[in-house]
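Lettered A, B, C and D in written order, each chain numbered from 1.
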C-alpha cells in the first residue's frame, strides 16, 4: 500500500529464516523495570528476527508502544525505554521477507476496540489467515497491516463474548496454524501456544515476576529461572490473581519444528530438556557415522556449522580446524557495493585462512542447503584458498518442501533439492562429495522429552495441511 | 493511547483556531505534477492548520502517502515529493488541540477495505461522530485514530453498497455536522460539502486539471481559475469520464461559518464572490460608525486587526499607524523560555514602536476576544510603551458560546464574554474603553452571494444542534 | 572543500541581504539564563540572517557551543538550550551566499590557542581579510572556514601579547573593514565596533546583566533597556570587575550603512535615536513630495514597502490599500517546484487582491531595486490582476555599485541601474513610470544623532576603499 | 571543549583495545569505485575501532570527506558513498577512550594550508605529541582536535619546504612514536610507517589499483593480493607516475607490537608471513606444554580465547568444548539497564551452556587479563552453571605496564598484575588455578619473518621510551 525505500540491504547467506521472537513479563510489584527486562530479553532473541523490534508496556491501563525498523539496540535508546513505564510488558523481534518489510508490519500491534486495549505479539503463521482476513473484510473490517496478528485482533473485537479474555480464548479457537503468542490487556499478560506446539514458548520466573519467552536464553540473560514450556493448546493468564492455566483447545501431539534444533534456536537454549548445541553436536556425530570419507580435517561453515563440526570431529577423530573466519560485525544492513567483486556477498561475512586450508582435504560442515548458491560460493572460495578436496557434509536431510508454519523458506521450486539429485547438487556447488544426514539419523539424535516433530520440509508431510495462504496457493 | 513527547510548544496568542485545510487535484494527462500542485496548494492553506501535513497520491491504483508533524515545508522534501507520483492527489493541513496532537491523527487517512483503497481528508466536525464511532466499535470495528474521518472510512467499509462511490454516498448520508471533504479512490477524486455549507470548498481548473481546495488562495498560487464553490449537499466525482455533480442530500440553506470572514480565511481569498480583506475592511468601517471615541490614531493588532483597522481609519478619518510590529519569523514551534520575563509570550510575537505610541490616545483594533489573556498583555505592553489612552475596538460581537462545527474555541466557561459584562472585560484587560461590533453590523457588512451564516458562537443558535461529542457533553 | 547537499532552496525575492546579527550577554549572578536570553535575542535578530544560527556559552571556563543550519527555532530545542549553561554567552545568525553556505562557516567560532579559549561572532566584512589570510597561511596557519572571523582568531593566537584581551585589542588594530564583533574569553564578554561604525551595535541592561546586540529590538524582546550604542573604534570589556570602555583605534566619523535604515533593520529598532519605521515613513513622505503622479491608491510591496507606503499615502493624500498579500509562512526553505508555473517564485510569497486592484491606477511602493527581476514579476502579477496603471516608486536612489562592507549585493554588472537608465528600467520591468528617491531626499529624511552615512552603493564613494577581497577583485 | 551527550554505552569486557585501523586506495583509471573499496576495507578492519569511521575521497583535487560516530555500516549509506567520487581515497576506523570520544576527533582529518589540501589517517601514538603541540601553539597554531594527527598537519603547514610531499617527509622526521599513516594530497596517496614498525601496515594490489591497509584481511575482502608490508621508516608515494618507495628515516630493528598477535589482529590476517590464528593456536599449544593440570575439557572464553583453546586441546589431548556462547549481536552500543542484575555486563555478551559444564573440571582459556574484573565475573558465571573446577589459562604473560604506542591499556596502577601475585590474582578472580604463558614461550611461538617485538607491557622495556604524553606523565 504505502511504499518504503530500502537504501541498504542485508547481506544474507542463503538460509531458512525464523519469522519472529516474542517476550512478555508481568511484575506485580514493579520490583523489576518491565521495559528493561523486555529490552534485554529481545536482545537475547535477536537471532529470531533482525528487521524490526517493538515493546509495548501497560501502566495501569495506559498503553505505551514503541517500535521501529532494525535491531533492538537501534530501535531503543535510553529516553525511549524510560518512557515505557508499567508492570506488564510484551516485546517482539521480527524477520520478514523483503516485500512486506514495513514499519506497519512491525509488532507488537496495539488495538483499541469495544473490548478494550489489546497488544499482541506473535511468532508463527496462520494457515487460515488469508481466508479469515477476507471474511473479516467482507464484514467491513479495515486492516492496517498484512499481519496474521491483526486477524486475531479483529476476531477479538468482533467476538460475541463481552469479556476480553473470553473473547481472546474464543478467537484462538478460530485460528489455525503455528503460533506462539504473547498478549496484554489492561490488567493481564496472556501467553498461548497452538495445539501442535510448532513454535517454542517457555515460562520463567524472576523474583516476583513471570516471564514468557520464545527461548530459554532470554530467561538466562535476565537471570530468570526456566519453569516449564507452555503446552500445545494451553493459554496462560497472568495478573494480580496470579497465574492461571487453561486449555482453549484439545492438546494435540507435539509437531515441534525440527529446524529449531537444526538451525534457528540459539545453541545455549534448552527445549524439551535438550540443550540445542548438544543436539547439534550429536547431529555431527551421527553424520560422521553415516559418512565414509578420507580427509585431513573438519572445517565448519561459521557459525551455523560449528556445533555439528565439533561432533563430527569428535566421532571421526579428524582434527577440528577453524579454516574459515566470520566477520563478527556483520549481521546488520550493509550497502550492496556497486562494483563486481566475485563472491563479494560471501566475502563480506566469511574469509578463509589460507595457511590452514592450503593443500588439504577438508570436510566442510554446514547445517542445511536451501538454494545452493551460497554453498557454491563458499566452496569456490575455499578452493581458491588452496583446498585439495572439499567434501560438504550437511547435518540435516535435503530440504524438499516449503514451510507454512512460520519459516521463510524459498518457494518450493527454488529449493535445489527438489530440482536435482544429491550428485547433481554436488556437481552444481563444486563439491568433491556431498553427504546429507538421514532423516532417521536426525530424529534419533534429538532427545527432547515428549516431543514429536514437524519434518514437512524434509518429507512433505504437513501435520495440519498447507492452508490457503498466498505461498500455499503459489506453490500448488 | 500512544504518548508523544512535545519538547517545544507553539507560542500562540489567544485565538480561535481553524481545524483544517483540504486540497485535491485530478490531472488526467499528468501534464501537471500532482504532488507539486498539492504541496503548493497546502502551502497556501497553511494558515488553516500548522500542526501536521500530508499528501496522498494515487498512481493507477498504487497509493502513496506521506504525512508528518509540522509545517508543509518541514514535512516534505524533494525526495518525498518525487516519490509521490500519480494523476490524482489529495492533501491536508491540520491544526489540533494539544491533547490529540499525534501523528496517528494526521490526515489524509488511507484505508484498505473490501471496497478498495480509499484516502480521505476532512475539514470540519461531525456532531454525531462519537455516537457513530461507539456504534461501529460495538460492531467490532477497530479504530486507529480519534478522527471523525476514520468514522467515515469505516462506514464505507461496512456499507451494504458494493460500489465504492455508492458506498461513499451512502456513508455521507449517515454523518451529521460540518464537513468539507476531499477523497480519492483508485480512479476518482471525490469532493463533498455538508448540507449546510458550514466550511468553505472551492472548485478550480488549471489546463486539463480539476482542483478542489478549501480556499481560492490555493487556486491562485498555482495559477488555477476559480470555477465555483461546491454547493451544500453536493458531491463531485472527477475521473476519466470528466466531472459529475450530484446531491447526496437535500440542499439546506447556507449556514456558512461567519468566523471565516472575521478571522480564519486568508485576506486574498474570495468566498461567495466577496473578497475576505474587503469584507474585514468593511467590518472596520462599520465599527467606526458604531463607535464614538476621540483618539489620535488607529493601530491594528497585527496581523489579525490590519484589514479592519484600515477600514476604521478610512471611515473615522483618524490616521492609520503601524504602532505594533509583528516578528515575521514566528508562527512555528518555539521553546518556552524557562525564566520569567513579564509578557514574554506576547513579546516574542509583537513589539510596540514606542516613538509612535508615546503620549498618544490610540484605538487598538483586533478581530475578536476569546479568553482575554492576550488582549490584557497587549494593552499592558502598549501602555508601557507610553500610550496615554487605549480604546480597544473589536470587529465582531462578543464570543459567548463554543463551536461544534470545526473550530477550536475554548470551552464555554473559559470564554471571557460568558463570565463578564463588556465593562468588566474592559476593566479586566485594562482598556480605557472596549467596543464590540454589533451582530447586525456584522451581518450587514458581508456581501456573499446567497450566503446565510452560522453565528452560533455569538448567539447560541446552533443550526443543527450541538450533537453528542465530548466537548458538547462537557459544556452541558 | 567539503560538499553539502542542499535539497531545498529558499524562495527569495531579489533583495540586498544583510550578512549577520550578533548578540552577547554577561550575567554575573546567573540570575538570568544566559542561553535563553541569547536564544530570544537571536530570534529578534532573525531578519539579519536565516541560514545558520549558533550559541556559545561559557561556564567558568568550560565552553559549550551549538550551531546548525537553519532558523534559530530549528537549530535549538529544549535539550540543546539546557546543555548550554553559564554566565557569559554569545550568539550569531548568518545569511550567506549560496557558495559558502556550510556548517563550517556558521558562527560563533570557538578556538583554543595558547592564549586560551576564545569564541567570536562577527557582523561585517574585512576588506583586508583575504590578504591577512594569505599572510597567515604563508606562516603556516591552517584555516577551517572561509570566514573573516577566523582571521581574527589566528591573529589573536599569534599575537606577541600574552594576555588574551591585549592580544585581541592588538588584533583589532590589524583588521580593516566593517565589523561589529562580540567575543568571549573564559571570564569576559568583549564587544567592538569598527572605527567607522559601518554596522550597528547596541548596549543594553537587564537587571544585573549587560547585553550587546546588533539592534535594539533584541533588547526589547527580553525586556532590557537600551543604554547606548557602542562607538566607532570602541571596545567594551565586561566581566566581574564591571564594564570597561576603551578605544583600540582613533574614532573616525560615522559611515553608518544607510541601507540599515532603508531595508535591513527591523522597523521597531532605534538607531542613533531614530526609530527605523518612522525613518522609512519619512522616506515615503519625501518620495511623495518628489514625485508627480495621478493615481487612485498607494499599494506597498509587502513587507519591504509598507512603512514608506504609509508615509507616501499620508503626504500625497492618496488612499493606502493592501492590494498585495504576503503569505506569512514563507521565509524558510522551500522546494523549488519542478513544473513551470509562470511567476511562481513571486506567487509563493505574494498574491494580489484582485477586487482592490482591478481597473485602478496604482502607485506601487518598494524600498529598492537590485536586479529588477522581481519587480518585473510583481508588476506583471499586478497587471494580470487588472491594474490599469502601475507607477513604481522606490524609497531610495538607484543602486549602482556593490557593497564591500558586509552586504550581499549582487555583482556590479548584475545591478540593473548600472546597465540601464531609469526609463529603460521602467520599460524592462513593465512599469508605466518609475521614480527613485533622490540621494538628498534620502539623507535629509533620516534624523540619527551624530550619524554620517556610507552611501557607496548609490554613489561609489567608498569611505575606506574596496580592499582586496574576491568580490572587489572580480568587480575591477 | 565542546561537550557531547552519550546516551548509550558500549558493554565492554575488560580488554586492551586497539586505537585505529587505516586504509588507502589509488585507482588511476577509476576502474574500481574508490569509496566502495574503502568502505569494504574499513568493514574488514572494524575490529580495530568501533567508535567512529570516516572516508575522504579526492576527485581531481576536489576533496570530499564524510565521517561520523559509530560503525562503518552506521556512518555510511548509499547516498553518502555515492557522493564520494574520485580516484584516491583514504579511510579510518577509531576506537577511543571515553573522554575524547568526539566527532571532532574522528579521522581522516582534512586540512587546507598554503601547501594545499591534505587528508591524513593515523594508527598509533606519538610520544612527543604533547610537546610538539605545545610548541606549535606557542607559535600561534590553532588546534581543532586532541589528535596527534593534527600535529602532523600543522608541521606540514609550517614546513620550510614548499612542496607538500617534501614538507610531509620533513614532518615525519620530527615526530616520534608509533605510527602507521595513510595520507592523500590532491594527486598522491602517501603511506608511511614509523622507524620501529610498531603498528602493522600492508601493501596490496587489485587490478590497476594499489591498496594500503592496516591488515591483510582488508585486502582479502576486496579480492586484492598482498604484495608486502611497508617497512619501518619507509614512505610510499603512489600517483600517476606509479609507486615510489623511499626511507624518510634510518630503518630501525622491528619492535612490532606483540599484542597484535595475541589479541588485536584478525585471525585471518597474515603479518610477517605468519597467520595470526595459527600463531594463537601455537600459543595455546605452548601453554599446554607449560601447564600441568588435570581436567575434563578445554573451554575458550569466546571469541578471544578460541584459537589458543584449540591449540591447547590439540596439545593436551583434552576435549575442546563450546561451554560458553557469545551473543553475536553485541559489539555495538547498548543501553546500560538501570536495575541491578548480578553479572549483567558479562551476561549480555556471554551465556554458559550448563549441560556441558555441569560437574566438570574445566580449563578456561583466555588471551590476557587486564584488570581482572571480567575474568572474575566469567568464572562466577561458569561456577553458577555447575563447573566443579575452573583452571584459568592465559595465552600471554602478566600485563604489568601501560602502553605508550597506541593501545588503550588501563593505567599502570589499575593493572591487576602490578598489584598482586599470580596466586593472589587466582584468589581474587575465584579460579582454582591460574597459569600465564611465559615470555619465552610467547616469543618462541610466533614465527614472523625478520620481526622483533615490543614486549613493554610484559617487561617494562620501552624501545623508544615513554615520552611526554599525558598518560606517561600520570603514570610516573
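Structure notes:
Operating definition for what follows: a contact is a pair of C-beta atoms (placed from the backbone, for glycine too) under 8 Å apart; a residue touches a chain by one contact, two chains touch by 3 or more.
What you see is a predicted model; the values in this text were computed from it and never measured.
Common neighbours of subunit A and subunit D under the contact rule above are absent.
Subunit B and subunit C have Cα centroids lying 35 Å from one another.
In whole angstrom, the spacing between the mean C-alpha positions of subunit A and subunit C is 62. Subunit D has its Cα centroid 51 Å from the Cα centroid of subunit C.
Across the whole structure, chains are in contact as follows: A-B, A-D, B-C, C-D. Contact residues of subunit D toward subunit C in the complex are 1-3, 5, 63-65, 83, 110-114, 117, 137-144, 153-154, 157-159.
Contact residues on subunit D toward subunit A in their complex (touch as defined above): 7-8, 32-33, 36, 39-40, 43-44, 46-47, 50, 71-73, 76-79, 81, 217, 220-223, 266-268, 270, 275, 277-278, 303, 306-307, 310, 314, 319-322, 325, 327-329, 331-335, 337-339, 341-342, 344, 347-348, 351-356.
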